[in-house]
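Labels A, B, C and D are assigned to the chains in the order they are written; within every chain, residues are numbered from 1.
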Amino acid sequence: MMEMINPTYFVFLSLFIFCAGIAIVIIKRSAIFVLIGIELMLNAANLNLVYFSQFDPGMNGVMTSIFVVVLAAAEVSIALAILLNIFKHYKITDPDELTSLKN
Amino acid sequence: MTLLKIIWPLIFIIPLFSGIIGGLNHRQSLKLSSFGMAFGLFLALILVWMLDEPLILEWKWLESVNFGFSIDRLNALLVLLVYLITLLVQVFSITYMEHDPDQDRYTAKLGFFAFSMIGLLMSNQLVTLFLFWELVGMSSYLLIGFWYQEAGRSRAARQAFMINRVADAFLLLGVIRVFNNGYATSFTETLASGIQWDGFTGICFIIGAFGKSAQFPFYGWLTKAMAGPTPVSALIHAATMVTAGVYLLVRISPALMDWNLQVIAIGGAVTAFMAAVAALTQFDIKKVLAYSTISQLGYMILGIGVGAYQASVFHLWTHAFFKAGLFLAAGSVIHYMHELDATKDPQDMRNMGGLQKILPVTFYAFLICGLALSGLPFLSGFLSKEGILTGSWLWGQSTGNYLVPILAFCTAGLTAFYIGRQILLVFFGEISFAKKMVEPLVTIRVPLIFLAASSLWFWNSINPIDPLGWFWNGYLFADLGATSDQHSILGVLIGSIVLTLSGLGVAYWLFRPEAETARGFKKSNEPVQLAGKISFHGWYIEKFYDQIVRLFSKVVFGAGWFDKKVIDRFVDGVGVSGVVIAKVIGWFDQNVVDGLVNFMASISQLIGRFVTSFQSPKIQIQIGWLLLTLLVLLLWFQFLT
Amino acid sequence: MMELSLQQVIEEIALLRFEATLILGSLILLVFGMLSNKEVTFKVIFSVTLLVSLFLVDVRDVGASTTEAVSIDALSGILKILFAFISLWIVFFHSNMRRYEHYFLLLSIVIGSSLMLSANHLLLFYIAIELTSLSSYLITGFSFSRKGYEAAIKYLLFGGVSSAIMIYGVSILYGLSGSLSISEMVVTTQMGPLYHVGMICLVGGLFFKVGLVPYHFWVPSTYQEAPTDGVAILSIVPKIAGFALLHRVLVNFELLSDPMYRQIIAALGIATVLMGTFGALRQDNIKRMIAYGAIAHSGLVLPTLLIQGEQGGLAFIWYVTIYAIMTMAIFMIASMYEDFGIKDVKDMKGIGIQFPIMGTLTLLILIAQIGLPPTAGFTAKFYLFSAIWNEYQASGATIMLIYLIIGLLSVVLALFYYLKIPFHSFLGTAESPYFGDFSIISRSVVTIFTIMVLWIFISPEFLNKIAFNINFIGW
Amino acid sequence: MTDSLLTLIIFFPLLVTAVVLFLPNGKDLLIKEIALGATGVQLVLSVILFFSYDASLQPENWSNAFQFVERAKWISLYLGDYGWLQIDYFVGIDGISLLMICLSTFLLFVGVIASWNLSKNVKGYFILYLILSTSVVGCFAALDFFLFYVFFEFMLLPMFFLIGIWGGPRRGYASIKFFIYTLVGSLFILAVMIGLYLSVEDTSLADQTQEVVHSFSLVNMMDGGYITDGILTPGNATEFLGMNIRWIAFILLMVGFAIKLPAVPVHTWLPDAHVEAPTAISVLLAGLLLKIGGYGFFRIAYGIFPDAAVSLTYPIAIFGMISIVYGGLTAMAQNDLKRMIAYSSVSHMGFILLGLASFNVQGAGGALFQMVSHGFISGALFILAGVIYDRTGDRGIANFSGLAKAMPVFTGFVVVFFFASLGLPGLSGFVGEFLVFLGALGSDYLPKWIGIVSISGIVISAAYYLWALQRMFFGQFWTREKVWEQTMYDLTARELLLLIPLAILVVLLGIAPNVILGPVNNSIEFFVNQCFEQSQLYLAQ
């Protein structure tokens, strides 16, 4: 039985994934990658939730992470639908070029 | 008594009423108003005749301020004088203004002036006096600027009013100080209560009086007032309005401190001398008479200063007649010169001469009144001047300040000289034109004859030499008890006669028709050497006003005091600086104060631009800003709490 | 973990009967959407569901579900009535062939917001917020224009990031406290730095919904491009729900008593007011200017959350109700002008002269937005400022005084940008006369709203009744 | 009849507006007659008010200083743990507001005649006009601070549109500037109002509920109905920026009303508003709206904060003096006749500040009289400026000369009103200035030199008026454009109908000022004494 992994590693792992997600969101030049970045941030939160739910008898964390996954899927589908339309009109997916709404 | 109570308000209202009637119908406006004034004169005579003790009429104008009139012997007599001179002037101007289109406006303004002058003489409360004081100033503004077509005349009217306004500001200050310091606010009370005013209030009243009676610092406006029609100058700027200052000082003299009286004496003397010098080299016939009026007023003010106020009032009385006479005579000369040839300046003495035979009545009237002015014995001028000279001499002896009597005596001599010069230049010498004009009998001759006659001695006192012999003296100052030492001192008597004769002699010697100076005079222009220039420009008093205003505008550059004289379109370079100062305040007000609001508007635009710069269209930059702020918040909480 | 019998669950549904009826209505709407494509039927169903749910709400019943997930109180009751009342007016918007999904999405926003009101468990908290956000992203896209899609994608990306951050915060707090129910969680600063991370991320999620400073970037472009009736709902219902939830979070986590958090939240509020006011100065597009105005309004509502006691609650209810009415009116007016093809302020030259009644109505609503006396806007701001002044007098915190001064300054600056509209419409001179006229229905609705705004100023008694209901909720 | 007289005067024009609203657009003449009738009735009512005003009332404190009082509960709001907020419709007048109401109804009546030959959408014009008349009269009669504030704001909208739509070429800029200036001022007043109502308690209303009732009634505030620990209660002097907070509240009020007055630093909106406003509107603007500022000093600033007023007399007098001198000087620099008259109004309004600062009966009486007389004189002056503008569309002083030749009757009236405005005794301008000087030089709060420098004001005003008179009216008849010479006909019957009553009033008030100051004297005396006693009471605390 492998001894228990040091609990802080999980928190650090989820923090790492969270920061990676943020980096991807900001740096990537394609909207799809921004969505991937958001997914990463959500999964980092899931990791945390699942890990901490072991101390909570009611298993709320796991239940929440299921809902997070479901809602993330919904969000991505909506995002892709909108991106399709943008591609039809603007022929670009780079968020930096989408600058027609100025002050 | 009840009759007087009815007559009194009537006397007050008639001039206004006759002015309005005259103003309404165009053709014989002057005739109608002179009938009204004649009736008023008659009532004034009755009033003077039947008045024994003063009548007072007072009512509440404001809470702490009353409005009041009173009539006693002194102002009853002066009211009579005003009525008389106004009537004569109106009769004279029937012909003088016959072909002037705006006769109705002229009559209305004259009526308004007479109304306000009589109101001034009758007022008892100080506020009432101030009210009519300003109304008189306004009517003189309207009359000086009667021929408003010529910009020069309307500008002269405005400047005259402004200088009066400055002096009236001090008078107003004096009136307010009287109210605030709890002194008596009416002449009758001041006389009865005998409260002494403090020095500064006295000075304010003196400056007010000096302004109105054209004394030293303020006499610049009287020469400007000559821009008005000559009958107007005769009435206002010789006999009635300018004496208001003298009347005021007589009324308040019991309340003044003795050093105030000294100020009055010295002020009067200095003015008399300066004006006499200024009258020596003038070309304009009316300017000479204007300066002589200033000089005679100086005499009256001097008389009050030295305590001989009875002589001053007497001099005021006689001066009104012979100065009005001189002005009307000058008026008929100008009228004649204008008829003769309209191109040349009708008032310039250089193109006059030898009018003796052409206008005989005018000549004799001018001669008699002129000699009365110069103080020749057996004429009214001598009597009243004698009284003042005696008073000044006695005052000089008692106070040891001999400057005042010396100036008085010199002025006497100079007066004789300049009036002699004028008579010789205008009426003697060869006749340079042939047209013979007969003065219309009634309207010109009668007033001249009356005024000339009244300048003779016997109308005023039996004994031609004794200054106190004045008929009215007893009437006026009986209750005050004429001071015994006023009787003439032999030395003063002889001195004044000698001075007058020598003045006339020198004038004759210089300006007799054969003398080369008389012939040279026709072509001479402005005097060159210093003394002549000082005299010609009237001691540069007008230039002095411009300097004060320009200096003041420099001193108050921030606020930008407005320089009226400089604004004149004719004064080029210098004029522009005044307009510049005015424009600068306009610009300052427009941009700096107004700019404050525009500045705030642009600041908010600037902040708006800065704030919305964060709102970049790119989504990733927006998210970047979001995360940055969250990071800042986290660091703030980690390390600073 | 107590066992929940099905029986108990059904009884607890009774607590959420308002949301239940709405969900039922939206389902019926979906079915009818398949069958017919006449817009009138969608509008009828939409309004019937709202009316039915409106009557089901009872302000006085207070309670919480056995598992503490859902808690109902007077405040949420009143706000639910407000949501239903406001959303009803959407049907009067002059719309060109709206599809049935449009109304379905609006209903889902209302459902999401009312769930947010009663969420007491962080899971329900997250679900409600996500539901509202997702339907808002879709609604923004429903203008089917190039710019509409762009606004939608930007809104989605921004919303996605902030909800991800929020759920991350939730997970951390879950780790620290061991439970997800807001009322039971015990979280204190002694729990180390992670506490602040979790708390800031959680509160940040709510800041996004309400549009306060760091999270306000999405507001201008979304309001500008989304369909106007969508924006009307978007700018009122989720915002008010967000404030109510923010208040519940701040109270339960004792952030209000921690002076540092009060300082930071007040500072962010002041920044929001300044951002909204100064931002609006430079706008030409009408809806974008109203968007900045809405940011400023949310900045002004924030201090009521910081003021404990009835005074704060009253000021909150006052300001929120009047804000809802004004914003609905101004968006209706904006949509009416849009029918004339007027997007920018400069295109409005001289329209006020040609249509004086419409011009006056617009002016009165704008006066309400600025906060000048004859309108209820003044009473709301007057009430708000006196609440802030009281708070300053009681607590002496200078941040509150700065808030008051900035509030007064925002009224002055609001003058500058809101007056642009009447300035151009009345004082400008139209090059060519505007042909066509405003539709009768929308004009009468706007008149009703204007009368409402004026009537509240003249006799604000009806808000007093709300005040009595309020005084037994802990604010 | 007399118990609801005030409400009738205030709201009668509003009733008529309702009627006018439903009239079709075409009937211009009918609308004008209705408006004339409305303002005429208002004028008649105010005359009845004037004569049935009992001048012998000697009040001891503010609560029984007012007559024709009407009070009705309007709004009562529950403030949570701070008790109740009570706003009620509370109107009443004392001497000061009586004069102001009579002045405003008269000028409103004159204003309708002055705008008789208006052609551009008349209906809108007269609706706004009648709303304006309601709010102005309401402002003077309001005794509830909230009601006063509502009327104060309510005035801005009609004025903004009247200048904005019917004004001259730069009307947009002028109306916006007017609106924002005055509104910023009203925000200061709003701030003080909030501070006041939170620290004031009206015991008379607190019967039904034992809780504290914060009321807005000015009478209660003036009589000092403060709660013990209110922020503005005289006793607890909380320091703020180094000054007692009551002083700051007083300064805020003064700044708010000074913008309206206008006093010098904040006066730049007046010339623009006047130059661009149509003739009738600038008559109202000068005649009435400036008086609201002055009335605000009397009733609110000096009434509620007498202690601050007593200790700040020196700066207020300085500002008054600066207004007089600076206003006069800038008037000289103007080339537009209307702009010059606007700046002269700034100078004349400076007298009000000076009169109030002297804190004695003459000063206050003078300030009040100056407000009334300036109303008539500036109204007439703007009508005269309007006469030239109607004929030629231009008001430049340098563009005309020798008008006396072409329009003698017109010049006659110009001379009368110019001399009245520069303070010639015998006309109403002098009385106000004389009393203010009497007060300023006799007051024991002010140094003498302020009075003396202000006296120079009468010389400055003489300077710019006479200079304008001489440039425009005397000299050879000449106009900048040849075409104008034909249109320079003399006064028409309508213009005469306007100017003759004003001239009679100006002369009448000049000769017998006690006609209006007499009945009002008790109020002024009470105002000054009460302010003095109250200030000693507060300062002692």
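In this section, a contact is a pair of C-beta atoms (placed from the backbone, for glycine too) under 8 Å apart; a residue touches a chain by one contact, two chains touch by 3 or more.
What you see is a predicted model; the values in this text were computed from it and never measured.
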Of A-C and A-B, whichever chain pair has more C-beta contact pairs: A-C
Geometric centre: closest chain by C-alpha means: D
Chain centre separation (chain A, chain C; CA means) in Å: 27
Approximate Å spacing (C-alpha centroids) for the pair chain A, chain B: 99
Euclidean distance of C-alpha centroids - chain B vs chain D, Å: 40
Intercentroid distance (Cα basis), chain D paired with chain A, Å: 67
Interface hub residues of chain A, defined as touching at least two other chains: 22, 25, 34, 95, 98, 100-101, 103
In chain B, residues with contacts to at least two other chains: 612, 615, 617, 619, 623
Multi-partner residues of chain D (each touching 2 or more other chains): 180
Touching chain combinations (by label order): A-B, A-C, B-C, B-D, C-D
Sites on chain C touched by chain D in the complex: 309-311, 313-314, 353, 356, 363, 367, 372-374, 382-383, 385-386, 389-390, 393, 408, 411-412, 415-416, 419, 423, 426-427, 459-461, 463-464, 467-468, 471
Footprint of chain C on chain A - complex, ascending: 11, 14, 18, 21-22, 25, 31, 34-35, 38, 41-42, 44-46, 48-49, 51-53, 55-58, 60-61, 63-64, 67-68, 71, 74-75, 78-79, 81-83, 85-86, 89-90, 95, 98, 100-101, 103
Footprint of chain B on chain A - complex, ascending: 22, 25-26, 34, 95-96, 98-103
Footprint of chain C on chain B - complex, ascending: 601, 604-605, 607-609, 611-612, 614-615, 617, 619, 622-623, 625-626, 629-630, 633-634, 636-638, 641
Residues of chain D touching chain C in the complex: 74-82, 121, 124, 149-150, 153-154, 157, 161, 164-165, 171-172, 175-176, 179-180, 183-184, 187, 190-191, 194-195, 197-198, 231
